[in-house]
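Written below as structure tokens is the structure these notes are about.
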Amino acid sequence: MRSFPIAAADRVIRAALDEDVGTGDITTEVTVAADAMVRAVLVAKEGLRLAGRDCFVRVFELLDPKGKLEWVFFHEDGDDVQCGERVLTVTGNARTLLTGERTALNLLQRLSGIATLTASWCAELGETRTELVDTRKTTPGLRALEKYAVVVGGGKNHRVGLFDGILIKENHIKAAGSITVAVRNSRKRAPHTLRIEVEVTDFAELDEAIEAGTDAVLLDNMDNETLARAVERAEGRVILEASGNMSKERLASVAATGVDLISAGALTHSAPAVDLSLLFE
Amino acid sequence: MRSFPIAAADRVIRAALDEDVGTGDITTEVTVAADAMVRAVLVAKEGLRLAGRDCFVRVFELLDPKGKLEWVFFHEDGDDVQCGERVLTVTGNARTLLTGERTALNLLQRLSGIATLTASWCAELGETRTELVDTRKTTPGLRALEKYAVVVGGGKNHRVGLFDGILIKENHIKAAGSITVAVRNSRKRAPHTLRIEVEVTDFAELDEAIEAGTDAVLLDNMDNETLARAVERAEGRVILEASGNMSKERLASVAATGVDLISAGALTHSAPAVDLSLLFE
Amino acid sequence: MRSFPIAAADRVIRAALDEDVGTGDITTEVTVAADAMVRAVLVAKEGLRLAGRDCFVRVFELLDPKGKLEWVFFHEDGDDVQCGERVLTVTGNARTLLTGERTALNLLQRLSGIATLTASWCAELGETRTELVDTRKTTPGLRALEKYAVVVGGGKNHRVGLFDGILIKENHIKAAGSITVAVRNSRKRAPHTLRIEVEVTDFAELDEAIEAGTDAVLLDNMDNETLARAVERAEGRVILEASGNMSKERLASVAATGVDLISAGALTHSAPAVDLSLLFE
Amino acid sequence: MRSFPIAAADRVIRAALDEDVGTGDITTEVTVAADAMVRAVLVAKEGLRLAGRDCFVRVFELLDPKGKLEWVFFHEDGDDVQCGERVLTVTGNARTLLTGERTALNLLQRLSGIATLTASWCAELGETRTELVDTRKTTPGLRALEKYAVVVGGGKNHRVGLFDGILIKENHIKAAGSITVAVRNSRKRAPHTLRIEVEVTDFAELDEAIEAGTDAVLLDNMDNETLARAVERAEGRVILEASGNMSKERLASVAATGVDLISAGALTHSAPAVDLSLLFE
Amino acid sequence: MRSFPIAAADRVIRAALDEDVGTGDITTEVTVAADAMVRAVLVAKEGLRLAGRDCFVRVFELLDPKGKLEWVFFHEDGDDVQCGERVLTVTGNARTLLTGERTALNLLQRLSGIATLTASWCAELGETRTELVDTRKTTPGLRALEKYAVVVGGGKNHRVGLFDGILIKENHIKAAGSITVAVRNSRKRAPHTLRIEVEVTDFAELDEAIEAGTDAVLLDNMDNETLARAVERAEGRVILEASGNMSKERLASVAATGVDLISAGALTHSAPAVDLSLLFE
Amino acid sequence: MRSFPIAAADRVIRAALDEDVGTGDITTEVTVAADAMVRAVLVAKEGLRLAGRDCFVRVFELLDPKGKLEWVFFHEDGDDVQCGERVLTVTGNARTLLTGERTALNLLQRLSGIATLTASWCAELGETRTELVDTRKTTPGLRALEKYAVVVGGGKNHRVGLFDGILIKENHIKAAGSITVAVRNSRKRAPHTLRIEVEVTDFAELDEAIEAGTDAVLLDNMDNETLARAVERAEGRVILEASGNMSKERLASVAATGVDLISAGALTHSAPAVDLSLLFE
């Protein structure tokens, strides 16, 4: 499994605490004693795939580096947690736990939501060899965390950003003059460690991309029948990624066309947050 | 109208560009000439309330501080733009525009989505004196921008964070001992510039909060009938905020109960992005 | 009591160490052995109210995160320390203690100075219900720490900055057109979690402000007799803050006028540093 | 003249704006129109030596990088401004000017206060060859600016921090074993670009320091008679700095002892802010 | 051509100015008038391939954002400049030019040194299809700039870091169990946008890597004869990169073996700085 | 000995890890189990003077703050390590050690290279009283670390930057009008804690500099005979630094001329990295 992106998480958490706590959680400071201790339990209010547990913990650690919080964990990232199950308990300073609560839940609910959605989509693919991949349609600032959650959910990552993959789109083709020129220049100028993928909208473009020597082709917004014919036409010479208008319902039928990858922005931009509660005892 | 939060926007945009562009947009650099110029037009693909235009512009300014981009604007924040209408055109370096495109659209679509949703909810309130307010359920890192979008949509802001408002919740009450003690300590210890609001779940709590001298009460998760009785019971002595399970459909009937404020996390955490396209000519 | 603002303190301390130590404490490095150990005792050279003890400690922790400093504390923030009493002892690396000494003392002396001054002013108020509050006339960069010291001294905080309170001054009134319009627009546009305060210079303005529905009024630069008449005139409808030309001597007589709050920039901008010495054994 | 420390000023100003403006100047945003323009004049309310004019200007530039503020200057740093004289006028966005006003004044008043105090002390020295120098007792975070203000006032800078001068104090001597060893080790290990200064409290130490080859000696807390005898004893072999308990009144008599330098922490830690007003028209 | 990495350059330049200028260029400030103007010309003292001209310019822009420096350029990045030729002239504030001179030259000399060395190595490859690539053996902090200089010199970039290419080395193979497992897991878990390269030391490993389906093979430290046999053995099924002990002299003979790529850390870690002088008139 | 510059090292290491690891070491994450443990030994592959051991350790600490790495040290900075000797062993998480390996080695090899070169040059000076000093020709961003390595190698530091020493060069002299004016203004305006050094190219300049009262003179690019005559001419009135065209071979003969200091940029800009290997067991 991919490593949890600690450094990226810390940046996100610091920014989130800055904007929420700012000059102080005034309500908590005026109503709760500075040395009050409390025990809280984190409970799943619905079935979910857990992702981001370390994020949850880090919020409180960064909020109060000297807080002597004590954690007991019942689950870790990747576990399927049932509704009503405890995820963890924490004992510690009441102010720290109250002040960090919302920021910690916001992050955990979002990341577990992505993992849960991804897991449910992956289930549709069953035993097929088609894989589900994410996109760059992530929340600004949260990409590393959201891509991590996709992997926890059983999906696979597409390129992380513009720097670790070549994806030649319509406007690049226009600027280069043709698919052929764009692919040739990519081969010549880009590091040999990167594959080349071309976005196509019809078979003429598909043929030209394959002919030009691309490694992969993104089949943009095609229906299942067209996808199936594209698979046939490509004869295994390139990796084929189906993209556009994906839904959980359609997934199995797209996989049946024989494409290698299905990409869906929905995994990250539309995953509903899952419900988790921090109950104070 | 509130000012566009430039400093917060710049922080968000820098982080978003860092994570997306990283060490370089390799596709664009190998397929598009360094000095190629291009003209692009931003078009609304659905009816929307525009919010975040300056965000869109700043993405490209921060990406290429020396880029001599030329902008023509047809709309500004707060305008209702029809499907198919042009929002702006921009002429400039092709690499700059291609590399920044996704980040710029991501932000504009999200903010305009919030403004559009807020505007449609506000329309439900019609001429009533009830106001629609946001919550702290915003995207980590984007709070200032999302709260700005709510205002552009015609809504009102609740407190920005934990520092500019006192909202005494269940756990604060437990820690303080009672609503009465919590309110009294808030009065005594918090700046006099902040109002005090107490979250209540039944009439006994409502009565105690009013008695204790709170300025406002958050009526948590009550049905319309209960809300109406609470309004009656409060006799205008405190500001009343209805919260929990709000939907556009329910809005008019909640307003009819006579509450002063309706708060809804959905405005920020569930507003669908609106569709805007950047077309290259 | 308010929490010590750790994050703000760390920012201040890092900046202070950067500017003082820079590329290294050359004197110490060339005259003191790298592994020399030393024990030092912090002694009050005058009676004082202690504030900022954690600041003092953090200077050395941040200067040398691996330094195994051992602390023994005899007092904590809020204690009244007599001249000659020990506040703490510390044992640790001699270079670390010598290099951080001035920065640590600078901060502790300033914060304890503010707490001590505030405590002595508060003593003047005795059993009256009038409270002493601070202002925004703090040292650039040190506001969070200085406002904390005011609370340690027994004072109360006014708004922290421009973001957590509404204070309508002369220029805002001019720009809005009148007190009435300014108050009305504030009510309409600002979060309901913030109170509204208007600065007035005469009774006509006082009347208009109350009429317009303000929550509080700042009585600017009035003599005691005028203050007393303003209290009478307001009839308890608003919170009254007396401001301008306050001195310790005048405090009791101002409180006698019946105002709710007395604000004084002097608490932060003119508190003399108290004398504390770090003696090496 | 030394250059104005732009980079340091920008850091200070950003921090000061962050803490004061935070998430927004709510009063100004709700009472002043976004596009209102205003003209303001900065007037000296007492006679003063101006220092920090660029700081004042930068506050508004950093607050609103796109603000088209127009400045007219009547004075520059180093000028002696009479009570009632205009320093500058500025025309620009009303929100920008109102929001930045306090931060800008805070900095200008403090720096001009230091320059004014320094100038008045320097006047006491008249035609003597004794020079007035500052210390490290500056406000945490503001050292570069405050040392600049001392120079504007006609004083001279001592070392900026621990990195650009060697000052061997009591504790260094203890750790090294003796003045002789401390000086010898400094010579041997420190860059040859730095002079060596030793703090002494009596003539035995003075003699040892000179013998050991120090370049300068700080005469700590001596009365004028002792200082005069120290000057005689040193016979011009080292630079002599008188330090401790300096006051404006005492200055001429200390200079008369023949010391080369007089250092005074009061220049920076106790200079009263001078009065300047920004009047809106 | 790749874009000049502005953002990375700015980070490097700010750090370089911080460490060199710190609290001020004291020599220049005390000997040169604040408003003195000067004209300087940058001259090549040896034949070179120019790289980093924008870096040179940015040093002065960042040092003095308001400096009205005027530049005349005779050459741009990628030009071969003869000994004695002018590269540019600049007119501006004398303090700014004197203070930034060393930092600016340091960067330009280093980057042009890399470009010059790379160009001379590339010349050895002549018309062959073998390409010269760089490595990760760059100066800590300067990677983006040094990789840019390699491209300016006519070389090609290998992966930029650990994030944009898969290179399976001996320790990864040990940890995975075998080349076969390592390649299979890479295929399964890594983004499809990245190629897989395996480092091998003999033919058994080469065969296993090809069999396992790697895209490229790094032939580690082989002599020319072994390289030639490896090329033959691979039969064009994978990209072959020769690495280890490369020298300019050996380059042509390595290319003659038919490998696709030759990588050399020397391009970045051992390129001698070229000689350029900034002459003041 | 000087203290290891922890804060500077951390900045360098964070930047180096950012540029190398970025969004993740993809190869390691897909081939090595998250919880695999490994033991590695750091071995010198040639004789060397060790410098930067703490840098090596910090790379892994910063990469994985929670990594429970266990270190055993056989050598510390300043030790002469023989070829084949172990420097340290480390046991810990395999991913952490593999990902940080190159960055850690890059820094240690470079710093030990500088210390080793410096030590070998210092050996040439034998028992003479002439000292070897470094220059400002250091790698951008690494100055603090490289100057530390020079001291570990037995050399001495010249000024760290432009802020802690006065070195009047040709262009300063031109701007000031003459050496005499430049020295006089330096005396008058610069802190008394800094010495003044003047760069001269002939005896007339040497005489003028001494006459003007400089503390030190840099003899620029003179041959040994000229240096010897300069020493004679100066009669011990100033510190003499020989600079320009130094080589290890020439060192003894330069020292024989009687100059006090020999400075050489080669110590930092041309020290070859020494060979150290991290072997995994």
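So that you can tell them apart, the chains are marked A, B, C, D, E and F in the order they are listed, and the count of residues begins at 1 in each.
Going forward, a contact is a pair of C-beta atoms (placed from the backbone, for glycine too) under 8 Å apart; a residue touches a chain by one contact, two chains touch by 3 or more.
Bear in mind that the values here come from a model prediction, so they are computed numbers and not experimental data.
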Minimum number of chain-to-chain contact steps, subunit C to subunit F: 1
Intercentroid distance (Cα basis), subunit F paired with subunit B, Å: 53
Rounded Å distance between subunit E and subunit F, as computed from the means of their C-alpha atoms: 23
Centroid distance [mean C-alpha coordinates] between subunit C and subunit A, Å: 45
Where subunit B touches two or more other chains at once, by residue number: 2, 19, 22-24, 29, 144, 160-161, 163-167, 189, 191, 194
Chain contact topology (line, ring, star, complete or other): complete
Subunit E to subunit D touching residues, read off their complex: 22-24, 29, 34, 64-66, 95
Subunit F contact footprint on subunit D (complex, rising order): 2, 133, 156-160, 163-167, 189, 191-195, 197, 216, 239, 241, 260-261
Touching residues (chain side subunit F, partner subunit C) in the complex: 1-3, 5-6, 8, 144, 160-161, 164
Interfacial residue positions of subunit A with respect to subunit B in the complex: 11-13, 15-16, 19-33, 36, 38, 94, 98-99, 102-103, 106-107, 110, 136-137, 139-144, 160-169, 171-176, 182, 185-186, 188-191, 194, 269, 273, 280
Of subunit E, residues touching subunit C in the complex: 19, 22-23
